[in-house]
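Accompanying notes for the structure given below.
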Amino acid sequence: MLTLVPSPLALRFGEGSGERFYYFDKQLHMTASSPTLFFAKPQLQALLNELRGRGYCVVGPTIEQEAIVYSELQSVEELPRGWTDEQAPGQYRLKRRDDDAWFGFVVGPHSWKKYLFPPKATLLSAEKTETGWAFIPRAADSTRYALLGVRACELAAIRIQDQVFLNGPYQDPIYRERREQLFIVAVNCTQAASTCFCTSMNTGPRCERGFDLALTEIDEGFLCEIGSDLGRDVVAACSAAPATPAQLQAAETARQQAVDQMTRHMDISDLPGLLLGNLDHPRWKEVGERCLSCTNCTMVCPTCFCSSVTEVRDLNMETVERERVWDSCFNPDFSNLGGSPVRNDTASRYRQWLTHKLDSWHDQFGTSGCVGCGRCITWCPVGIDLTEEVAAIRETPTP
Amino acid sequence: MSRKPRLAVFKFASCDGCQLSLLDAEDELLEICERIDIAHFAEASSDLQAGPYDIALVEGSITTDEDAARILRVRAESRFLITIGACATSGGVQALRNWGHIDEWVRSVYPSPEFIHTLATSTPIAAHVHVDFELHGCPINHHQLVDVLVAVAEGRQPRVPSHSVCLDCKRRGTVCHVVSRGIPCLGPVTQSGCGALCPAYDRGCYGCYGPSHPANTTSLLRQFQKLGRAPDELVPLLRNFNATTPEFRRASEQLVVLQTNGEGKSL
Amino acid sequence: MTSAPPTPPALQPLHANPWLTRTVRIADVIDEAPGVATYRLTLDGDTDPAAYSFIPGQFNMLYLPGVGESAISMSGDPTRSDGWTHTVRVAGNVTKTLAGLKRGDTLGLRGPFGAGWPVEELAGVNLIIVAGGLGMAPIRSLIYHVVHHRNRYGHVWLICGARTPEALLYRREYDLWRQHDIDVHETVDRATADWTGQIGVVTTLIDRLRLPHPKQTQLVACGPEVMMKYAAASGVRLGIAVERTWLSLERNMQCATGLCGHCQLGPEFICKDGPVLRYDHIRPYLFVEQL
């Protein structure tokens, strides 16, 4: 009998211990600890070659469309060497650095979710046969991605999406396939943008777990921490040596810069609770007048997971495909019920997004939905800043 | 099986581009003909059969007395009337006349203005008769047109997405031009339909598919002004193919008031 | 460092791939009311009799290729082993297309999904069952369950309301239910000439009930949201605890598994945590406009 018992996975996490069980910790399983290594910068190409040789599609930061985006990399020459990004609410500009740093920037308009939770994906197809409709499950996806340059906040975002797509009673098969085969090379931030607030969300800037390898860039090269047995195997392709105390100190100093540069802050001491407790706050109406309901914040968010399914059919309906596409709670049609939206004005949609992200997400997935990456602040065309909205609601709570 | 629904295509003040979309459907056109009887389509055939029709596709806006009378006849002989394109749904680019003086323009354009009989305004079809479904765009998307025709032929309510162009930009990985380059782009207040074409080619959105719902033009234009864009640059952006839609019209008129009343004021 | 982690046990197919869609065939169609019909749907071939099991209050996603999917509650007997029963009203494109199908035609089905009526927690006490309009569909599955386990429930009132007498569903079965000691009350908004019963909203009937032991009574309701809010409030006035009041909610359900985001109400995914939810859990959100 098909009953709705929680999956064994769902039963396992968090039971009895303070630490949550993450499905994909097994991917990053390690039998012995390893010292931090050091390798010279050109060795990164050897790492990339090794990953490509093992059949991975290596994706990482590169410059396209006047921004640092994530795309397939053949060579380390495609990295945005010597470039940085300046970010502010509603504003992003590329700038030349006065040095030749390989990873001297933070996060851009893309997030890694496009590789794990693709913007368009076929779920199944239907074919008309003599005896009626037949349903054919989608073909398994064999692409194996290696992500190069994943920041701490982005590791946290992947953990959150693991929680959404894998640790509940139902799993998303597309996410699972892609996630199971994923290789992650993290990179520690050595600077912060004005929109960053990972320190408030306890997600960074230090990459602590959830990677196969984690790099820290210093002038003379990269320090490399090993996070999995697979990572150790892969890095063996680089000519690396245990890091010297001086190199370790230089890396620590570089990482501390990111902490020191962090200017934005969000108080989360009363989250969850603050927003669900202020559903009638006048601020929602006020922000609803500024908000365009354009969906940009949800699209750039590395944890937002809303989607819709559309029917793709030929005219005679011999075959039909069900295609899942990214959707957004800012799209008025999203909450349609009986022909009209439940959330009919922008204020109610902004309230849904922020309340879900920072408050009810805790009830649903045991964690905040926000990692403090600041993308929604930078990429809002009118520069709405969620940290300001939260502060405003806290300032004058509804009685 | 009941008879095939009869389709008619009617042209009013327009460039013909939208009805051409039906011919552009090429591969699908033969299959459409198997399900729908194309009874009246002057661009495709001189065999123009009389009404009544099950489905009418109406292109173009109303700019003359004759057309104002003709649309009533089209409505009377059509069961399900669909307007296609910006002209039919909003008045089109020719609705820019609504802000000017028609007599002066006619005199300045035509050597013998006495032969020109035109209304002072260009108005959408829905301002004259009941419209069952509006398909937006300049021009319309032929995939959407085929979907709508199939839905109506199958007795379903046609649906097209109504979200903003931004959602399509993000799905295809296009970086936001407003944020990364300060370019005024109407994408955040424009309905999807083109698949976010212009932004993918480094241009801001021109608003071809008309205002999205909601279209918060006030907030977006305030931001463009903050980015240093003056009203004389922004008004033409709004006064395009969908200039007289209520949302774009209100926004452009607000800007004109600012332009006339004082420098540097913001919405 | 850690030793090799345990391999997670295999998930049931639907839990590992919630998009798994099966072909079902329309075995019977019964016209219930104008625009409302009941369909029995069967899987092809030899079927395990347990294949059609479900918990009363759960739903299936019915899929009409090229048109879309719709969440439809089971309205049949949960012990039946010859198909799923769904009562459907023509409302949107999916239900309209379904209404055009005939016996022998096929469609797709995913399910069962969702949290149904808490049949174990409801046992042992008196029970007020409130149904409005098409809300009667998932209620009928619960009534079948109560009838099969009649000695486990105390006094059972069934209060059903509809716009018109002809919109009251399953009236042919009321006598059978009464034979099983279910106290059936009916009311309509607009009477016809031959209607001799009650006129008015269901809450007036609830308000009139004389409960011997309000604290030992539970209330369940399914119907239009506004009706359920008033029914729950009436129950509270009679002394029924909010923890013993259960409502079956409706939102835009697309994936049915809490993965697409559409159907949220506060912290609840209506598809996965509901559709049946305990009143005290949802009360803070139910009365907030546009939530």
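Going in written order, the chains are labelled A, B and C, and every chain counts its residues from 1.
Heads up, the rule we're going with is that a residue touches a chain if its C-beta (ideal position, glycine included) is under 8 Å from a C-beta of that chain, and two chains touch if they have at least 3 such contacts.
Worth saying up front: this structure is predicted, and the values here are computed from it rather than measured.
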item	value
Most central chain, Cα average position	A
Two chains joined by the most C-beta pairs in contact, as defined above	A-C
Distance from the mean Cα position of chain B to that of chain A, given in whole angstrom	38
Chain B and chain C: spacing of chain centres that average the CA atoms, whole Å	44
Set of chain C residues in contact with two or more other chains	67, 92
Where chain A touches two or more other chains, by residue	327, 345
Contact set on chain B toward chain C in their complex	151, 154-157, 159
Sites on chain A touched by chain B in the complex	64-67, 69, 90-93, 109-110, 114, 119-120, 289-296, 299-300, 315-316, 325-328, 331-333, 345-346, 378-383
Residue ranges of chain A in contact with chain C within the complex	1-4, 7-9, 12, 23, 25-26, 29-33, 123-124, 126, 128, 131-135, 137-138, 164-165, 168-173, 176, 276, 279-280, 305-309, 311, 313, 317, 320, 322, 327, 329, 334-339, 342-345, 348, 351-352, 355-356, 360, 363-364
Interfacial residue positions of chain C with respect to chain B in the complex	67, 92-93, 96-97, 100
Residues of chain B touching chain A in the complex	28, 31-32, 35, 146, 150, 161-164, 166-167, 170-176, 178-182, 187-189, 202, 212-214, 216, 218-220, 222-223
